[in-house]
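When the chains are written out, they are named A, B, C and D in that same order, and each has its own residue count from 1.
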Amino acid sequence: MFAQLLFLLSAVLTVGCAIAVAVTKNIMHSCIFLLGSLIGIAGLYATLGADFVAVTQIMVYVGGIVILMLFAVMLTGGKDFVSRAQNLLGLAPSMGNKWTYGIGLFVGLVFLLTNIKLLSNIMKSYPAKTFGNEFPSTVSQIGHLLVKEHVLAFELSSVLLLGALVGAAIIARPRKQ
Amino acid sequence: MISLISYLIISLVLFIVGLVVMISRKNIVAILLGIELILNAAALNFVAYSRYVTNNLDGHIFSLFIIVVAAAEAAVGLAIVIRFFQIKETIHIDEATQLRN
Amino acid sequence: MNQTLVSYLSQYEFYDVLIGIFGKNEGLLAFVIYLLFAAAIVGLCATIGGLGTYAERKISADIQQRIGPNRVGPYGILQFLADGVKMITKEDVMPNTADKFLFYLAPMLALIGVFATLAVLPWSSGFMMADLNVGIFYLIAISSLVGVSVFLGGYASNSKWSMLGGLRGASQIISYEIPVTISVLSITLLAGGMGFGTILSQQQGTPIHWFIFHNPFAFIAFFVYFIGALAETNRAPFDLPEAESELVSGYHTEYTGMRFGFFALAEYIEVFVVCGVGAALFLGGGNLPFNVQFDIIPLQLFQVVIFMTKALILYYVVIWIRWTFPRLRVDQLMSICWKYLTPIAIFNLVGNAVWIVVFNGKSIADLVFGGH
Amino acid sequence: MTPAQFDGLMPIVILMGIAVLLFAGGHFVSVLLAPKKPSILKQTPYECGEQPVGSAWSAFNVRFYVVGLIFIIFDVESVLMFPVATIFKELNEVGEGGYALIVFLSFISVLIEGIAYCWKKGDLDWVKSFQVSNKK
């Protein structure tokens, strides 16, 4: 009962905020809606039993990426970023107009429904498993996987992050024009 | 109980919205927002499949690394945006026409 | 593993009576129990936050040889109620150039971020609402919403003072999150788990079993955590985002009335939360100083008292530090975080890992007195 | 997913709900009780009595971004270290402590390289980053 409620809340938050990202004009508001969408996805992870991934999502996205994006908007926007903001309804001619988007949406929906109809037969062979104690603590299992099976990816990710840090610091470092 | 297909639909909607944001916006930061949405849609699928289909935690590991890569991508991407703004005084994507100034 | 308040209460007999009253609907009963307990905790924390403002003034008055608030109630102890009523009845002013949506959203985000941390705070071994097995990690993650709200509060006001305060506040909060996180990581290493239940169950007994005395590195880690926590909650000497001599009032310059009150409430509750976390991680939390084999409700309440005492002592130290040390400069702030605290925290982490391997996870007390 | 795990998420949702309700309730009471006499002077952003010139939403110094950048890298690395730290003691007890220590230390050493690089290049100095840039 509560799981369904949590799922519903998270799904509404995720999808609603994602659509709001697309339709708001102000880039700052878009960032905040993205924040809501990411929190909603963390809730969805929680309903899937992925507690560690859910908290990681909050930690990295809410505490890190969104703040970084807000900083970047602040550093680049200047005073005229509201006027230059664009949304779905104020597009340049080459990007299509309301009609092309409407037709695209319709075609997409038809495609989606067909696919769901096709996929739902395949999905039936994967019945929704009911989980007892199969994920007692994802944290220690993830730890074991990171240290044993995926140790190379674990170590390489730190090198990737080092590369990102050095590269981004070189690019963004203040210098005399 | 909640079925796999509902997660897939949410993920699909996120992916489409992210794609639309990427296509329709002319602000580079907004395009990065769209990329984040797409990456999250993929990560959500991984976790959903790992719960309903494969029944192990490899999907969790995969989505963890997606989050790591997303962080690195956002850091470098936003640094490029800031540098671009310092040179061009704008972050309109159509202004990005040269590989070097 | 994943003990919750409801699963704790269900071992008592009165739980069965309650189940009967609710017609076997365990979900509804759990909801009601959580709701009541959450309301009680929020009320308690709001009172602590309110009394925190009172204590702040009274202690500062004591340090500066003044009297402090003494008009409302005995010794002025009802001052915070008077302040609250004043804030509700003040006019709500918003700059006409402000971003209205974000201006409303910012205090709410601060409130959500702080209240959500209360869910895992260990009041006693039984009375914690949810002993998630990602407990402390969750707490760190969700409290970063406060950083977003500080930035948004500064941005939305569209005032230069607020904007500077918000930018400074956000960069300070995120910077000091690193030493705090790495110190917490040391404790995770020592405890072998992130849940508060796991962490607390390893610190039972006399103070010598607390994690602060586990090894020399953990001892240093406590101070790194405490300094970082001071900075994360924007307390003096790290209160640069609201430095009144430089930035008027920082990110909440333009906030008046109720919304300012919510910012202040969130800030004071957050100070209590970080003090409580410090007490739980390093100082043994609500553990009794002696071993008891049975578990009854009064004993749990006694644990709550112990936990509150430790947390409030840390709270006193926070206020004491505020009125003792001068404020830092921005460049000093950043160099303290990145050049001192973070390297020390990493050093502590490596030291703890090596200690565990070399001494096989034994603490100093175990090595000296034997045991475990 | 055990039922207890879902129960553990319930207080979080309830507390968030209480926060939103408290905010809304406070606003409601404030609307009822507070006076409402707006004037143009009250609604001007505070600048110590001066007339505000321009908007506050202008481009800021890039140093804030560099701090955020270093933060996010460290944040992600500490996130990855949490599960390993959780099982470190457990691995030590089954005699794999040396292996775990090597994995852990090699991860941390890359982290230290990152902070050493930024330190050397002056990204950690709030003031000096200007002087470094002037030389180029």
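In this text, a contact is a pair of C-beta atoms (placed from the backbone, for glycine too) under 8 Å apart; a residue touches a chain by one contact, two chains touch by 3 or more.
From a predicted model like this one, the values you see are computed outputs, not experimental measurements.
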item: Farthest chain (mean CA position) relative to chain A; value: C
item: Centrality ranking, top chain (CA atoms only); value: D
item: Between chain D and chain C, distance of the C-alpha-averaged centres to the nearest whole Å; value: 15
item: Centre-to-centre distance between chain B and chain A (centres being mean Cα positions), rounded to whole Å; value: 6
item: Whole-Å gap separating chain B and chain D, where each centre is the average of the chain's CA atoms; value: 20
item: Of all residues in chain D, the ones touching two or more other chains; value: 2, 5, 7, 9-10, 55, 57, 59-60, 62, 64-65, 68-73, 75-76, 79-80, 82, 85-87, 90, 100, 111, 118
item: Residues within chain A bordering two or more other chains; value: 2-3, 48-49, 51-52, 56, 59-60, 63-65, 67-68, 71-72, 74-78, 81, 131, 135-136, 139, 142, 146, 157, 161, 164-165, 168-169, 172
item: For chain C, residues that touch 2 or more chains besides their own; value: 1-2, 30-31, 132, 137, 155, 167, 170-171, 174, 177, 193-194
item: Graph class of chain-chain contacts, one of line, ring, star, complete, other; value: other
item: Set of all touching chain pairs, with the criterion as stated earlier; value: A-B, A-C, A-D, B-D, C-D
item: Residues of chain C touching chain D in the complex; value: 1-7, 30-31, 34-35, 37-39, 42, 88-98, 107-108, 111-112, 114-116, 118-119, 129-132, 137, 155, 157-163, 167, 170-171, 174-175, 177-178, 181-182, 185, 188-194, 248, 253-254, 257-258, 261-262, 330-331, 333-335, 338-339, 342-343, 346, 349-350, 353-354, 356-357, 360-361
item: Chain C residues touching chain A - in the complex, by the definition given at the top; value: 1-2, 27, 30-31, 99, 101-102, 105, 132-134, 137-138, 140-142, 144-145, 147-148, 151-152, 155, 167, 170-171, 174, 177, 193-194
item: Chain A residues touching chain C - in the complex, by the definition given at the top; value: 1-2, 26, 28-29, 32, 35, 51-52, 55-56, 58-59, 62-64, 66-67, 70-71, 74, 136-137, 139
item: Complex contact set, residues of chain B against chain D; value: 64, 67-68, 71-72, 74-75, 78-79, 82, 85-86
item: Touching residues on chain D, where the partner in the complex is chain C; value: 2, 4-5, 7-12, 14-16, 18-20, 22-23, 26-27, 29-31, 33-38, 40, 42-48, 52, 55-57, 60, 64, 67-68, 70-71, 74-75, 78, 81-82, 85-90, 92-93, 97-98, 100-101, 104-105, 108, 111-112, 115, 118-119, 124-127
